[in-house]
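What follows is a group of structures, each given as structure tokens.
Next come two complexes, and both contain chain A; in the first it sits with chain B, in the second with chain C.
Here is the complex of A and B:
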């Protein structure tokens, strides 16, 4: 990282949150370094947003501790945590123009008007919102709203930036650019960032480390490449795209459609090889995606040429792409599919 | 297209519309006629002599009507202020603070409406008597406020509930205290709903008769009381003019309410 991190390390120890009788987070522990970008990844309902909101102080934990820069903030009100959030809905104030919105945090800190105006101008430039200071949220595009929400959070120079799926309401094309902007911005500011998302690609591109959450527990923590290459369990593998699941010995092998291979006659491969037949083959843009039946199971594999249905093929999975898990893999999905099979 | 030209299609509609217009505007026309009737004797269908003599009498500086009008407006203003003072914090708590007995508390504010007016107000008058509140503006304001709180609490609760919690949290999140966030974000956003509730309270107080009669009369003579005594004394012209004066603020405020009170606010009432 080129700049000295100005952010604050964040510590979470044994954090538990319950909504009524529903336990949403089970003793989650996590240490985030100063200036680190961490993505909380998981499907909806996994507790990632709850974790973020308890860091912000919007949700009261039933147990555990949250520290920022060594300071215990577990019981602090939201305004005394030094963590600024970008909301999924942006939560822009409909009655306040862009300049007032971005300057709000500075006004409540008692800055004088000239200083606020200067800082607001700086933020407008940084976020490419020049000339829009007098607009109301209703007069902005989705991308502009997202940048205003970002500006409001960044204007107060927070120690920790909390991002709650800030790109989920943007067009796919806009999103691509915003990702890189966000990463550049975070690195140049040296700020600690926690980013909630259900989009694995977004998490991969943005984060130094990814935390995969499963039903209120941390399933795996690690740098994107490590998670990609060595998912700790079937749940993580499935979430990171290794959606194919074939029985192998006492367990299963999981792999990504783009990493499986249909072998030429006589070709050998270091890794598991299955005998199967082509059930279906469809063009998927630049490649063909074949559905291959192996006994009772089916797997999707990308192939360069079209394969005729009912052709017998050998499906190989290179050793480094084959993720092996025991039959009792702690994934609900696998339990369900076994239950169906039985 | 054929159906539209059909008499069976438009005739019932026309009759319904005419009946509706008659029910709404018929009494009004009668009021206007009475207010300018200098002589109108049975069995004449219409007044035999028209003029503004009674209007002039009512608007004379020493006329009771103007005095009563100002008193009514004064009482309505105090009632509105009192109701807002109670309902804004109460409604905020009801809408945002996740109170356990929320539904029950909201229901309690409806209670004054549930019982027949007369016994309630007679008892209020008896209790106020022991506190020397009978015949005072304060006493009338209190009893009007008890009634007005129904509107102000329910409508203000709906107005607060219509505001996404995240909007206030977004302010807290970047350093605003709970009160600052409320003052700068939640209150301005709820203002249209609260203004609408204030208008309802004001109008209810302005028109209120029964409670004022038992608690305020004869010392506190509001416009509706004046109207009643004029009508009871057979002075239909004064009664008609008083009624027309009472209509003015109602119509003005109703036009305002229509602008303020959007459907999405009303939809949250009782949620």
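Here is the complex of A and C:
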């Protein structure tokens, strides 16, 4: 196994893509380092798959440049980009067995049979598919199919690995394991990887850096921890789990249910504090999740003990967990100020 | 809870209700039996009927007089089927893998036209096109691709093949291109992504997945062409000619139903062999 990154840096400058009159990507620019694992994160329709397919060469951009290792590949056909893709549907060929499928890219490159067979064996071992070489896709489980698709892409030793939601068709239980495998594999191969997903946990676990896309534009780029701690705007905060939104001053404060706290009488906290009442409380496994009404708004907060409905409580959000953004729409004034608790 | 076990169904109605599906089928079975199986049976029996009871004379005469025509028919239909297969794969392949979107659209719009032209009209139009002084030769001479003395008539077996292919290709293409269009695009993209050329994708990825549809198109085309009378009659009626012409001749000119039936039986067997080969292959595929 190598330690030096084998992958290639990837550059995207001012990339724009339109389907007919619908602009799907607006001037997206991004630099991915050699051997870096980048996740493109966003809800469906945000343009993340289009961005990936533009890199693969299946979508022609209307403007902008794509470079791989300094080479301009914007107009290159898919087969001359040095990027191997793993498809969401796996795109295995129903008539072709596992060994032939994994060896396909090598046969295309004109390798002789013995060399292909050796490489296929190596891939089967690497992906724990030993003994399945003669099976057809229909005779494999979902997880095995996913690994065959991975093997087919990795067999050609690509400079860049493109992953289009490769785990969305797996059971949650299988997915856990596959994530770690994928990360280990990518690091040991030192390959550059771009991974499209709408699953923020998957993006967090896998990626060196996460790119959050919003309607064809990059909303924020950064390491998982940075995005988690300092989301750049309300959209990113919401997507990264800070779904609670309470009006504060001229703006809003957003926070995650597990980071809000119900304060004991007299307790102080460095961060905004709201007066509210408990509307509802339900057991969520190991903790209780309370819906707390603050004026017109509601927030979900995890609490260790059950709270009776209609109890008056003080809801505190520690400063590092409180994400403050200017309101886009005029919101009701709320006068539980910062200073009061601080 | 109350006991919800249903009472056992009364057995008296069972006989009538088990016959019901057959009653529903009866009209269709009657039509097939009366208008298809029965006449077919008569013509098979007729092939072995002589003036003095059962005989093999008809088959003997059919083979004696028309052996060359039988061979001629099989060669023409086999060659046409092969060309139709190649053409359908080429057109379907371009529609699936072609890079020029405008060319794909034009091709998709154009290839169906001959479907709507009857065989007889196609044959008539072909006469004007491929004859010695036909449009094809005249055009080739006019643009200087061919000296006038090379001009020759294609109104022979070549004309029949050209007409068959022209007429039957759209039908085969419709089946083949439709199946190709229904393939998972991602499978094609995956091969492209790994560096495969379009020819390699067509041969290794697309064709194996639509092989069954190609076979259906070819078997149906083979059987259709075996039964066409108008094309050989109009393009090339002289000897050797196709079995259909010989059959029509035996009946219309000589009133010789026995030999015509024997020729028909031979045509049925030729078509049947093709169908059998196809069914056997599908059964083998299904067993995999």
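Structure notes:
Here is the rule we go by: the second predicted complex is superposed on the first by the 326 of 342 C-alpha atoms of A that agree within 3 Å, B and C clash if a C-alpha of one lies under 4 Å from a C-alpha of the other, contacts with A are read in each partner's own complex, and residues count from 1 in each chain.
The definition used in the following text is that a contact is a pair of C-beta atoms (placed from the backbone, for glycine too) under 8 Å apart; a residue touches a chain by one contact, two chains touch by 3 or more.
The structure displayed is predicted, hence computed values, not measured ones.
Overlaying the two complexes via chain A brings chain B and chain C into a clash.
Of the two partner chains placed around the shared chain by superposition, neither chain B nor chain C is touched by A:260.
Touch criterion not met for A:61: it reaches neither chain B nor chain C.
Once chain A of one complex is fitted onto chain A of the other, the partner contacts of A:7 are absent, as it touches neither chain B nor chain C. Touch criterion not met for A:166: it reaches neither chain B nor chain C. When the two complexes are overlaid on their common chain A, residue A:156 makes contact with chain B and with chain C alike.
56-58, 77-79, 83-85, 87, 89, 91-96, 104-105, 108-109, 152-153, 156 are the residues of chain A that lie in the contact sets of both chain B and chain C, per the superposition on chain A.
Looking at the complex, you find that chain A touches chain B at residues 56-58, 77-79, 83-85, 87, 89, 91-96, 104-105, 108-109, 152-153, 155-156, 158.
Here chain A touches chain C in the complex through residues 56-58, 77-80, 83-85, 87-89, 91-96, 104-105, 108-109, 149, 152-153, 156, going by the rule given at the top. If you check the complex, the residues on chain B that touch chain A are 164, 166-167, 169-178, 180, 184-185, 188-189. Against chain A, in their complex, chain C makes its touches with residues 184, 186-187, 189-197, 200, 204-205, 208-209.
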